[in-house]
């Protein structure tokens, strides 16, 4: 007999739908220049305003970027794909239909990392609907205005299979996608600015069940953190609902990160009937061999390849390699630091594995939400600091203090060490301090000699306190044992 | 045959506010046209490809080069309610 | 140079252009004569006349300043362009249609904008909020549609030539009903940029003229790929002005489905058609029967596909960015009332039909099937053209019918397109030329050829035109000569 709903174990099933604004010079279907904060309606023309009699013409570079994305995601490129009209009335849609791709998209059946990519296709972005300000006139019924500058911007829509099994996984995969797209150079992929937008389809099902549960769609979460929290909140909501005997209904939701609340966006009207049909004003795309060649040739080393190379060439662990490669800026920082080292083999330089560890274990937590490029820590500085530890000019713990300072205000590590007097104590000075510590902890010495090795900790602690981190713990222990004769 | 409630549904999709009389008339007229159109249901069209495009062209593309845009004044000329540099509309859901 | 206005009007456009180039006539004289006649328009053919009243023109240009009546469906920068719809009242485009620009560059300035069925939807020009257009042959009868204004203007000598648009017959059928020549070119051979869209995969601009030579001359300067229109392409041949008067060696095919067995074809029309066939044979052409088995389903397929495309093309008319706006202050009523008040009955009918055919659950049964019928019809023509060079049919099942006769029965009105729609579905070129009179009203003869066969089409049409020797609308027909009262 099946367990009651309240007692089953459920697993989340998540798929992502991502819209990427392409960084071409002009719009998808007309020659208006893409705008960045220009005054409203200053980058429009009869085509993107949907005037009578106008016709769309496809941007060749947008197709090129679309092919690059399809190839980077390991998709099959359709030998022939069509544009379709997707009809719905809304003020941000100049023609009240969007030119998109429907059942014959540019690319399909790909993969990135552990997630299968269902499809990637080209379409045009909507305009911006803005709430009118307080200057709103009494006689006008208009509460909003439309700015068509954004309308017609080229988009690639990427849809994954529901292969993700946790909110954290989803956020991590999105980071990988972002790093990949950034590396391709096809988009600014800035979530806050809207050049990378992500919706999540979330459902739950009893562990072991093959069929999918009813999904809810979370719209437009504009940071990795909000994405993760939003999905987590929705999983919790669905689980509570189901455990309480209810059923999940298909819905479109908005997550408010400040309150943690999920609100339904579903309008009171019936669901959209988009009435797709092939766009008669455009002809099919049939990528030629030269077009595909050009796209292939334009592919740089992508994160997945980079991870494999870091593992292979630098003997990094698989996890570390992935961490560095999938978060592109981290990988860039690491490789710049490695280069600043003069390579991993120069005297006094930290080796690659050590340096990688400095980046992934020490630097990352000190960055917080910042990208490495936005923090005051430079690759050169980190490389130097790591080198100072490796050459025992400074202790590990002293170096961490220096890194704290560098993460706040930048600076040169040598200078910071000198300023704060954090250089490792010289052997003579250290020897004196060790002697004093041994002398003032006779009980501990006695315990060590009678077999309680751990008691050495008290003596080590005394030395460390007096040196204020200017000593290397391992070296101190060695010197103590030397004096004790154990 | 197209019934009244279906006419209403289609009118809603098409954003037309038909009067009561129009709905009835539309139901009659559309039914008559659809009766004629339904004849294509009698044909055997298995294995026939649909003609989705009227010209035998592919890959008609334009270079990614900027063309002059309209000025803001030109864009808003003729706008029924220009407002704060934009096209004024009632707020959706308001 | 002191020709009387009626001497000027008696010249075809090509003859007038020759005269201007030879300095026997001045371009401004030609323009002035026609402008005065157009001002006296009592057929309701014109919606507006061009200002300034005397444009500067190049007398050495190919079209030598001979002015052109332009269907109101073409956008002209700064000039009211409404496709005869109230929803576009006040709209002045910020750009000009490519076709109009090309013809102006070739030397043909715009004389004025002509009346039409709203959004090109109609076969009688009775669907205009600006009033119906009358046929100069008989003012109680329709001129045909949707390019009724263009046809009436040329037939009455209010304009030397004109351009209209043909989606399912809207150039050919009014030409037939008004005793003129009307050409629907190969789909894609003329740019659609700036033509207010009705049905994108069918719409083509075409000349409506007094004779075949004028049509060829206009077409020559309209044709060619436009970077602003992705579905346009260059013609494979340079367009020649037709010269011959014989049809030796030309094989003609008559499809019974669109002639003797055709639905609702009037006896008088068939008689004229049969006499024209005899004339073709006298001129040396051979005539045989060719079957177009799916042609009888053309109308049904067309009345799914064209309204479907139109339902999306007309979605942009919503009161947000230009044109008319109504509403109670909320977004829903803005859309619904603007469109309800701005569109006429026929337009609403077709939007409804198209929306229905595309809606969830109906796509395969209607749109999907109609696209397949379209393929079959194209295949039928291709097979026929393996056996014959040109296909010949009556253009319209009837002569000009009375005003009000069919407005109560949409299906009866749609039947007017019965013989013209199959060519639109196949994208092939077709021309209508006057075949004769039936009960004093013109009957059109339609010739169709394979894609890009305009030269052969025009050659054959020219020879038949000479052979038939049709006279244009008699001055004084119905007791009046169009516009003559103004300069008598």
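For reference, chains read A, B and C in written order, and residue numbers begin at 1 within each chain.
To be clear about the criterion, a contact is a pair of C-beta atoms (placed from the backbone, for glycine too) under 8 Å apart; a residue touches a chain by one contact, two chains touch by 3 or more.
It should be emphasised that the depicted structure is a prediction, and the values quoted were computed from it without experimental measurement.
Ranking A-B and A-C by contacting C-beta pairs places A-B first.
Taking the mean of all protein C-alpha atoms as the reference point, the chain centroid lying nearest to it belongs to B. Centre-to-centre separation of chain B and chain C, using mean CA positions: 23 Å.
The mean-CA centres of chain A and chain B are about 40 angstrom from one another, to the nearest whole unit.
Averaging Cα coordinates per chain places chain A and chain C 58 Å apart.
Counting partner chains per residue, chain C shows two or more touched chains at residues 91, 94, 201, 227, 230-231, 311, 315, 318, 320-322, 327, 329-331, 335, 355, 359. Shared contact sites, meaning residues of chain B that touch two or more other chains, fall at 13, 15, 52-55, 57, 60, 62, 70, 81, 87, 89-94.
For chain A, residues that reach two or more other chains under the stated contact definition are 46, 49, 57-58, 89, 91, 141, 146, 273, 275, 280, 282-283. Listing the residues of chain B that touch chain A in their complex gives 12-13, 15, 52-55, 57-67, 69-72, 75-76, 81, 83-94.
In the complex of the two chains, the chain C residues touching chain B come out as 90-92, 94, 187-188, 201-202, 227, 230-231, 233, 294, 297, 299-301, 303-304, 311, 315, 318-325, 327, 329-337, 339-340, 343, 348-349, 351-353, 355-356, 359, 365-366, 368-376, 378, 410-411, 414, 427. Taken in their complex, chain C has these residues touching chain A: 74-75, 81, 83, 88, 91, 93-95, 97, 192-197, 200-201, 227-231, 308-309, 311-312, 315-318, 320-322, 327, 329-331, 335, 355, 358-360, 363, 367.
Interface residues of chain B facing chain C in the complex, by the touch rule stated above, are 2, 6-7, 10-11, 13-18, 22, 26, 29-30, 32-34, 36-41, 43, 45, 48-55, 57, 60, 62, 70, 74, 77-81, 87, 89-94.
Interface residues of chain A, counted against chain B in their complex, comprise 24-26, 30-33, 39-46, 49, 57-63, 80, 82, 89-91, 129-133, 135-137, 140-148, 267, 269, 273, 275, 278, 280, 282-288, 291.
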